[in-house]
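What follows is a set of structures for review.
The following pair of complexes shares a single chain, chain A, combined with chain B in the former and chain C in the latter.
This part shows the complex of A and B:
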């Protein structure tokens, strides 16, 4: 009984620490205080100001486009890579598998900085959407590989043979059998990397060049001018959007009664 | 293409398949008759599954030919062989309904919708799953899943249905039920079944022909009773449960019988088949249920009568497995004694008995 109560207290502490910054942020975003640091009555002013600012809208659009493209490209590449790593016997497979983690363990500042040099000095690719997405894919797709690999380990691979045996070609087998079976893993990976890309600052800042400003980069710019109230409003969106997505995912997965 | 004269549906000619470090199939020849159940039987690693996968086209062969309906199939990919496989894991698509699973193959052939529906309906009736079409595999029992897997393959009307230990996952009672079911279904559709199992009882119950394999070679093929009653080698005798194996040499023949002196010095009598040279015979085997136990004061006159002492009795329900050590040589014989026999109740370990079997119960072995 005693240890139960200790566990309970510990759990409460953890959740308070987890939630309080978010709650404070969201509450202050409704506060009628220019600096957004204390409560001075309810207002929607900052939200209205944020969303009537074309700079915010444009940055939001840029971030969304980059995140969506990153998610699509990363899941496709990551799933194919996972398939190769799972199915084919090749020498040094273990090494290849582990080395995919490299972009995830290197400090992002270092990665982003070296990518900038790579783009500008080595390949001469103009900075913009393309370079940001490339950078995001580099640190996002390893996560897809590992999430999808975990899913693959739980699949009965005779299903692939059975599909071929019943007359399906490779493309049909993927469309009708493998993708539906891998879907939970692929979707989970997508849900994981979407906020990574959407929230990323380092890569977007270094490889964005002039004119391609994502929301985090824009917020960073605001900070330098001390416009913290608008930042609170924008940041609340950052906090609330993923929570909505997570809740939605939980709801959708409960709808699916099929257990594979 | 010229139609072949014979009725063989599948033929392996001198097939060799090597995997790194092991020869899975070592010059195998076999012929599977049209419209019958042909079983490949053997312990794990004997090459039976490899043989099945070669017929399916899931493995390539290193030497020899595989023919289906007289056509060489060596380089034809699986989906163009018109074989269909029931996998050991069944491999039902978990995200599709029963209906979706059965229709899958027809859809791939671009069959018109009304024909798909008709085919699926026929199959559901054939395997007795009417009303289950909207269920998913996870909502079915083991036996029902089995039926879906068979229906999914049969709906394509394959030239040969390949079954790779399809009943291995079921419990004993259900397995027996499904053996009867599979035999009934095969009789109704008349499609050739190539069945792979390591369970000799299952093979005996289900097959028209059994081929026993060992270490990549075909040891003997024949009707179930032939394999059971007259196993040709020690390996098959042992595998088919004829556990009394006495190695020895023929010392005399005549009168349609032969006398064999075992390595331990027993003189046993067997019938002499004119076709076999007596110097090729390497021993005899006797099924335990063919050994009779007589009271020890019965006379020793006559063939195959040996005094012995009961060493142990293991109750098996319908019979009692009795181990008798022969007084003359110390050899152990196993006799299966029906429980219903009165005498059994009077026997107990340590008791003297007379073991006896008739010369025609001695099966001659021809190991090389």
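This part shows the complex of A and C:
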């Protein structure tokens, strides 16, 4: 019984550690303190200031556009690769699988830094939306490959054969049979990588150039110029929104499992 | 002829992924390997096409950079150990005592990481500041008479690293512990094993794969960290990743930055290789 107590205290300590930054941030965003570091009475001032700023809105739009394009490109590339890896005997398959894992373990600062040199010194591609998306897909699509591969292990492949036997061409089979079968995996992968791209600071900072500011890059700029009270408000919204969405998703999926 | 064609078609599906990896991962890495052997032109900020080992010598043999690499290894090791020591009790508690709250408690471990990384680090910065919460509480309790300098110390950087990668330690530990057969633990208890004996002789060998995966997930990103030391360590506590960022973005000494990046990457690949050898196939499969 005693070890049970000790364990619970240890668990609570870790939970407090994990949650305190987010909680502190939200509390301070309502504090009437210019520096946003201590409590000096309740105010909504920083929220109003933040959302009357066109820079915040434009950074949010940039982040959303990049995340949506990244998710679409990554799911297409990842799903096709998973299909190829699952179905066919390919030469160098093991090597390819390991290579696909690489972007998930190499340091982001090295990948983003080398991309910057590659774009600026070698290929002379102007930095902006395009270069950020190219980088985001590199670290996002591997996750799609492995999530979709896991789904492929659980579907009924005779349905694909049946479709072909009944005269459907490859495109039709994909549209009518494979995609619906794989949809849960593809959607799970998309839900996983969307926040990766939306929250990314590394690639956006290195390969974004001067003109293209995603939300994390914009917040980083605010930090440098010390407008900290507004940051608390912007940051709180983006700290709490994903958590609410996730909790809702978890709640809904739980409802669903009860129904089935 | 048609057989060859069919065989080539099989490769078509993986082609976009292969091309993407070659053009946007392998080629850029190749470029920095090439640059790491060139001579920097310190006047123009460009490079001179002259082969040299100087950048590697400066990275590994000369005092300051070597020291930063050692500090990076030390911080990453300490981070991993602390994550393991704090993460294991939590994972064990969830598996053994959370009962019907299991899903929620696991969820509570992951959810904070869905907030932008930069913003969470900024929040930690707020807490650590001289006017921040820790100092206010200590001052009000009369435990200290003037604010402590917490920010810009190695301790602050380590706290940031632990905070950032802790969930990645807890999840594989939880998965491994959850897969344990409870009857094995009961058998150990029935045979009179003490808590520590049970942990050492029964649990640890069985969850070795989970531990190796957790260590990889915390040690490797800690080694490559640059934003945590930038936000919490400032110019006082730099890690290897900061050298890369400094040379690529600010100082413009690309060959030097490239050499640091290559050494850092080589270190990580080597460590991964050793870890996978040690943890056998299970750890690899866990990552995949």
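The criterion applied here is as follows: the second predicted complex is superposed on the first by the 230 of 260 C-alpha atoms of A that agree within 3 Å, B and C clash if a C-alpha of one lies under 4 Å from a C-alpha of the other, contacts with A are read in each partner's own complex, and residues count from 1 in each chain.
To be clear about the criterion, contacts are C-beta pairs under 8 Å (C-beta built on N, C-alpha and C of every residue); 3 or more make two chains touch, one makes a residue touch a chain.
The structure presented is a predicted model; accordingly, all values stated were derived computationally and were not measured.
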**Message:** Using the superposition on chain A, tell me whether chain B and chain C clash or fit.
**Reply:** fit
**Message:** Under the stated touch criterion, which partner chain does A:156 make contact with: chain B (first), chain C (second), both, or neither?
**Reply:** first
**Asked** When both complexes are superposed, which of chain B and chain C contacts more residues belonging to chain A?
**Response** C
**Asked** Should A:16 be classified as contacting the first partner (chain B), the second (chain C), both, or neither?
**Response** neither
**Request:** Determine, under the contact definition given at the top, whether A:167 touches first (chain B), second (chain C), both, or neither.
**Result:** first
**Prompt:** What is the value, to the nearest 10 degrees, of the angle subtended at the Cα centroid of chain A by the Cα centroids of chain B and chain C?
**Reply:** 100
**Prompt:** When the two structures are overlaid on chain A, which partner does A:44 contact: first (chain B), second (chain C), both, or neither?
**Reply:** neither
**Item:** Per-pair minimum CA distance [chain C against chain B, superposed on A] in Å
**Value:** 11
**Prompt:** If you look only at chain A, which of its residues touch chain C in the complex?
**Reply:** 3-4, 6-8, 10-11, 13-15, 17-22, 24-25, 28, 35-38, 76-78, 80-81, 83-85, 87-90, 96-97, 99-111, 113-118, 121-122, 134-135, 137-138, 141, 145-146, 195, 198-199, 201-202, 206, 215-216, 219-220, 223, 228, 231-232, 235, 238-240, 242-243, 246-247, 250, 254
**Request:** Provide the residue numbers of chain A that touch chain B in the complex, in ascending order.
**Result:** 156, 158-159, 161-169, 172, 176-177, 180-181, 258-260
**Fill in**
Within the complex, chain A is touched by chain B residues 56, 58, 78-79, 83-85, 87-89, 91, 93-95, 104-105, 108-109, 136, 138, 152-153, 156
**Item:** chain C to chain A touching residues, read off their complex
**Value:** 10-18, 20-21, 24-25, 27-29, 31-32, 35, 86-87, 89-90, 92-94, 96-97, 103, 107-109, 111-112, 114-120, 122-124, 126-127, 129, 131-133, 136, 162-163, 166-167, 170, 195, 216, 220-221, 223-227, 241, 244-245, 248-249, 254, 257-258, 261, 264-265, 268, 272, 287-288
